[in-house]
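Inspection log for the structure reproduced underneath, given as C-alpha cells.
Labels run A, B, C, D and E following the written order; every chain starts at residue 1.
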C-alpha cells in the first residue's frame, strides 16, 4: 500500500470518527448556546439512546426503523425530563452549580443503567446494511456517509432554526438575558425546554449513528464521547453551530493523523496539545465570537 | 512634534497654582473601530488641580477618550503626556500607578466584597508589603493593614459612608455605588481622576451634594478631575473648563459662559430648553 | 456489621469465618469485579449450604472499590477491622498491588482471581516475594510469552503488530512480554500501536498496521474492545490473524463469526469444555445470570475453593482465628492444599511456584464459526 | 387600568417594598419619584412579574396579574423598559428591535421599526452594530426603541433619561407625551423629577419602600418638602 | 455609631485557633494510638485530610480567582510523582526523604502551575476550563509514556510506580492541612488575597485599581497548584503505589465537586464538603452497588436546595462566634443609610 493511500485512508478515518464527534458536539453547543450549561449528561443521554436501540431490537425485536425512532424519541423525552427535574430548579443560580448538577445527573444515569442493563457491553444489532462507497481503492462505509450527511443536515437545520425562526430568536434572547427576554414576552421555560428537546434529539440521532458505527452499548460509553464532543465544541468556539462541526472534524482528523505518524500511544496528549495551541492563537475557538465587553 | 496648545487652555482660575507642566497634555489622540472614527484629533490640556468637563451628545466618544487614557483601548494615533511623561504602551494598571484613576459609566464594583474591601483594593499599591509578610504575618503586615483600614474609613467618610463599610458593595443603592466607585478611585492616590457620569441616576439634591464633594475632593487632595456628565447643573456648577465633543471631535472648548452660549453646542447638545435653563 | 440473614443463619454455631471479597462492582471495570464477586460467592454458598467449615459458616464481607486504589485500601482496612481472616481480591492489578501494600505487613492471606501482573506477588526492586499473596490466574509475562511462542512455532509468523490499550497495566504488561519474546523467537514487530480507554474507533491505528502487513496482530485487550478492533480491521481489509490473551474470552459475542475466524487467544479455561465447567456455568447462570459469566468468574470460583481448603486446614490447627499463627497457617495451607484442589480452570490442581503463581498450562482457544473452541494445551 | 394593592416585596429577607398600593388610570401619565434605593425599580419589577409580592394583588385591565409569568403579562399589553438598559449585548441594534416586537403582530413590524428609526436616527445609523459596543446613551435609546416596538397599552419606563444628553432628554419626554396622546398609558420612574412631574398627571413619592405622599403633579411641584428632597430646590 | 462591636484582637484569635488545632491533633493521635480509633477510621481520616487540601487548593483558583480549571488532578499528579520518585530513588531514610518529598512535590507542582498558568490564564471561562483540562491530560499521558528516561526508570507508566514508603500518617496529614489552611488564610486576608478576589469580581476594575492582574492570576493559580502538589505527595505516601490513571479528568471533577458543594470561595465550606464527600461513600458501603446512585442523587439534591453550596461564601470563624458571645447586644448600625432622608 502506498504512503499516499495510507494518508488518504487516515483522512477518511478521521472524517468518519469526526462526523460523530461533530454531531454530538452540535447537541452540546446547542444547549450551551442557550443556557451556557456544559451539559455533562449529554454523553450519557447518548448512552441511554444506545440502550434503547438495543432494547428495542435485541430484546423486543422491533423493526430497525422503530428502534431508531424510539431511540430518538426516548432521548428527547429524557432530555426534557432532566431539564425539568434537575436544571429548572436551578434557574438563576450560579452557572457552576448547574455544572455540578449536570455531573450528578451524568453519574446517576451511568450508575442507573449499570444496574438496569448490567455492566457488560451489549451488542447492538445492525440497523441495516448500507452499501459502502468506493473512492478509488478506498472503501467508505455506508454508515460513515450517512453520519456525514446527518451532521451536515443537522448543522444547516439548526443554523436555520436559530437564525431565522421565532423560536430561534427566543433562544438567542434567553441565552443573553433571561429577565430581559421575559420582558419581550418570551416564555423562557418553553424555550429552554425546546432547546433541550432539540439537543437531546440530536443526541438520539447521534446514538443511532454511533451505534451503527460502533455497535456496543456500555454504561460508561457516554463519558468519553461526551468529553471529546465537549472538547470539539470548545475548539470550534462553543455556542457556534458551524464551529461545533468544524471542531468535531478537527478532533477526528487530529486523532487519526497523530496515529498515522506513529504517535498513537501519545495520541490524547498530542490532540490536547493541538487544542491548546489553537486556543492560544485564537482564544475563543475557531469560530467563537470574541467576547467583547464595552467599558 | 506639534506645537503645544498654550497653557493653561482650560485653567481658568489664575489664583490657583496650576504648575509649570500640565497634568494631562493630549495631542491628536484618535482611535477607530472598523472605520468608525470614535475619537479623532482630540487635543486637550488639563492643569494640575483643575476640574474640567467633557460633554457631548450620546455616542460622541467621551467614554472612549477615558478608555484611551487608561489604555482599555489602544489609541491608533496621538500622544498623551501625563505630568510630562509619555504614557504610550503602558498597561491600565501601570497607568493607574502613574496617577490616572477612573470610574465607569456602567458601575464596576467588586460586588460581593465589602465596601471597605473595595476601597482597600484601591489602596493596593499605597500600602505595600510582600507576600512573605502576609503569609507569615510579619510586622509590616500589621502596620500596613492598620494604616489601610484607617485610610479606607477616612476616605469613606468623604461621602459619609463609614457605616456601610461591612456591607457587600452590590447591595448598596445605585447612588451609593457610584460614590463608592469614586472613593475607590481616590484610594489609588491619583493625580488625575476621571469620572464617567458620576451623577447618573441621582436626583437633583443628591447631585448637588455630589458636586460639593467633588469640589472638596479636589481641594483636599489637590488633584485634577476630568468628568463626563450630561447633567448640566453639575457641569456648569463645578467645571472650570469645558470641552465639547461631537462625532469624536472637539467642537468647542471654553468656560461655562462660552459653552452655554455657543450656538453649535446648543444645536448639537444642549437643545432649546437646555439653553433656556443654562 | 453482619447482614441480618447471615446472622440468623449462623445463630446455631454462633461463630463465623469472615472472608473479604473486594473489587470494582461499579464503574468501568464492574464486569470483572462482579464476576469475581459472584464466582467466589457461588462456591462459598455451596460450602455454607453443605454445613460450612467445621460447622462454622463462612461470612463474606463484600466491598466495592470502583476500580480505585484509594477506595481499595480503605475498603480493605475496613474489612480487616471487621475481622476477615482472608481476602479474595483485589481484581485489577493496580488496586491489588495497593492492597498488597497493606496486606503484606499484617500477613493477611489473599488470593486474587484476576490480577495478572508479576508485581502483585513479587517485588522486583527488592527481590522479595509477598508470601501472603496468591493468585489463580495467569501472569502477564506468561501469556505474552506463550502467544509469541505460539505465533512463531504454530503459526509460522515472521512479523507481528501490537495494538494495546495504553495506560492499562494488563494490556501493556502482556504486550511488553510479547514483544520481548518476539525478539527471541525471531518475529519482528512491525507496528506498535496504542489506544486509550474508552476509545471505540481504532481505524487510524489499524490503517498503520495494515500498511505494515504483519502476519499476526497481537491484541491483548478486553473482549469488547477486541471485538470492535477485529470488526474494524476486517472493514479496512486487514486479513492477518489476531492473537490475544485471556481478556479475549467472550469475544465471540462482539464480532461476527466471519471476522473472528482463525483468531487465537490463550485462556485459563475453555467454556463448556468439561462437565465440571458446564455444571459451574449452569449454577452461575442460575444464580447471577450470564451477564458476568466470564473467565474471572471461573478463576474466582477456584480461588474460593483453594481458600476454603486452606481455611479448613487452618481451622483444624486449632489456632485462634485472626491471630498471626492462624494467618500463617492459612498461607501455608494454601501451598499445601492447593495441589489437591481441582478447579474449573485447573484440572491438575493448584500448585504454586516460588512466586506464588499457579503452575498451569495455557489453553489455546481458537475461533471457528463464531464459537470459542478449545484448540490445544500449550 | 393598573391597580396595585398592598404589595410587600423582599430580597431574601430584606424588605424592599412595604405595603404599597396605588393605581394608574387609563390614559394617564403617573410618575414615581424617590431617592436612591427607595424601591421604585422594585415596584416596576413586581408589576411586570420579575419579582413576586408576598401579599396583596395587582390587576391590569381588570384582570389579576399577580403570579402570572412575565411573558404573559407582556402579551397582555404591558411593557417594561427596565433600569440599566438591559439590551441584548451580542445582538445588533436591529435584532434588538426585532426582539421588542416579539409579541406584536408581524404586519405592523415595518411601520414600528420605521417609527423608531425616525425618532432615533442614531439607531438607524448603527442598525448593524452589535449593541454591546454602543455608547451608554445609544443603548438607552435602543432600550426605549425596543419598548416602543411592542405597542403596549401601558408602558412602564424606569429612568429613561438616564445618561442621555440634554437634547435627547427633551426628546424622550416629548416622545412620552406623544405616546400618551396616542393612547398609551405611562408609568414613569425618574430621577429627573422636575421634568417627570412637568409631564405627569399625578405623582407618588416613595421613601424606603413606602408611599409617603401622593398628589397631582402641579401640587408636588410646588410642595416645599418635595422641592427640597427631590427637585434640588 | 461606628465602633461598639468589640473585636477579639488578632493575635489572641490566632492563639485560640492554634491551641484548638493542637488539641485536635493531640486528641486524634492519642485516640489512634490507644486504638480507640480503628485503623479503617484512621485511613478515612487521612483521606479526608488529603481531600481537604485538594479542595482548599482548588478553591483558590475557583472560588477566589473565579476561574474554572479542570486539570487540578494534573498538579496533584506532579506532586505525587515528584515526591514518590524522590523517596524511592534518593536512598535516604523515609523519615528524612518524606518531608523533603512533600516540599519537592509542592514546589514542582508550583512550577507547573506557573508554566501552565501563564498561557492558560490568557483565556477566559470555559476556554480556560478546556485548556487546563488539556494540560491535565497531557501530564497524565506524559506520565504514562515516560516510563523510563535514558534508561533510568522514572514513572513505570501503566505498570505503576510501586514500593513508595508509606509515610503518610494522621499527624503529618493534618499538620499539612493546618499549614495549607493557615497559609491560604493568611494569603487571602491580605492585600495579595484581595487583589486575587478583585480579579474574580471584575477584571477591568481591578486593573484600573492598579492591580497587575497577570501577576495575581498566576499567583493564585500557582498557589492552587502548590497545595495540590502537597496533597499529591501525601497521597503518594498514603497509597504506596502510583498510576497515572488515578489522576485523570474524573479526579479533577471530583475535586471541583467538593469545592462547589462546599460553597465557592468558602474555605470552611471546602473543608466541610471534602469531609462529607469523602465520608459519604464510606458510609454508604452497606448499599454496595446502589451507593453511587445514592451519591449522585445526594449531589443533585444538595445543588437544587442549596445552589450556592453548603456554606455559600460564608466563612465560619470560631473567633467570630466568640465575639458574638461576648457582645450579646451588637450595637452595629443596621439601618440603611439614605441620602434622601437627610435633606427631607
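By our rule, a contact is a pair of C-beta atoms (placed from the backbone, for glycine too) under 8 Å apart; a residue touches a chain by one contact, two chains touch by 3 or more.
Being a predicted model, the structure only gives us computed values, none of them experimental.
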item: Distance-maximising chain from chain D - centres being C-alpha averages; value: C
item: Selected pair, greater C-beta contact count between A-D and A-E; value: A-E
item: Interchain centroid distance [CA atoms averaged], chain B/chain D, Å; value: 30
item: Distance between chain centroids, defined by C-alpha means - chain B, chain C (Å); value: 74
item: Inter-centroid spacing, chain D versus chain C (mean Cα positions, whole Å); value: 74
item: Centroid spacing, where centroids are CA-atom means, of chain B and chain E in whole angstrom; value: 41
item: Junction residues of chain E, two or more chains touched; value: 144-145, 204, 289, 292, 336, 339-340, 343
item: Chain A, residues touching no fewer than two other chains; value: 111, 114, 223, 265, 268, 293, 295
item: Residue list for chain C, restricted to those that touch at least two other chains; value: 26-27, 166, 197
item: Chain A contact footprint on chain D (complex, rising order); value: 48-50, 69-72, 74-75, 79-80, 82, 86-91, 95, 98-100, 102-103, 130, 132-134, 146, 150
item: Residue ranges of chain A touching chain C (in the complex, touch as defined); value: 1, 6, 9-10, 13-14, 16-17, 111, 114, 118-121, 123, 139, 141, 213-214, 216, 218-221, 223-225, 255-260, 262, 264-265, 267-268
item: Chain A partner contacts - residues on chain B that touch it in the complex; value: 63, 67, 72, 104, 106
item: Residue ranges of chain A touching chain E (in the complex, touch as defined); value: 32, 38, 86, 89-90, 93-94, 96-101, 103-105, 107-108, 111-112, 114-115, 223, 227, 230-231, 234-235, 238, 265-266, 268-269, 272-273, 275-276, 279-280, 283-285, 288, 291, 293, 295
item: Contacting residues of chain A [partner chain B, same complex]; value: 295
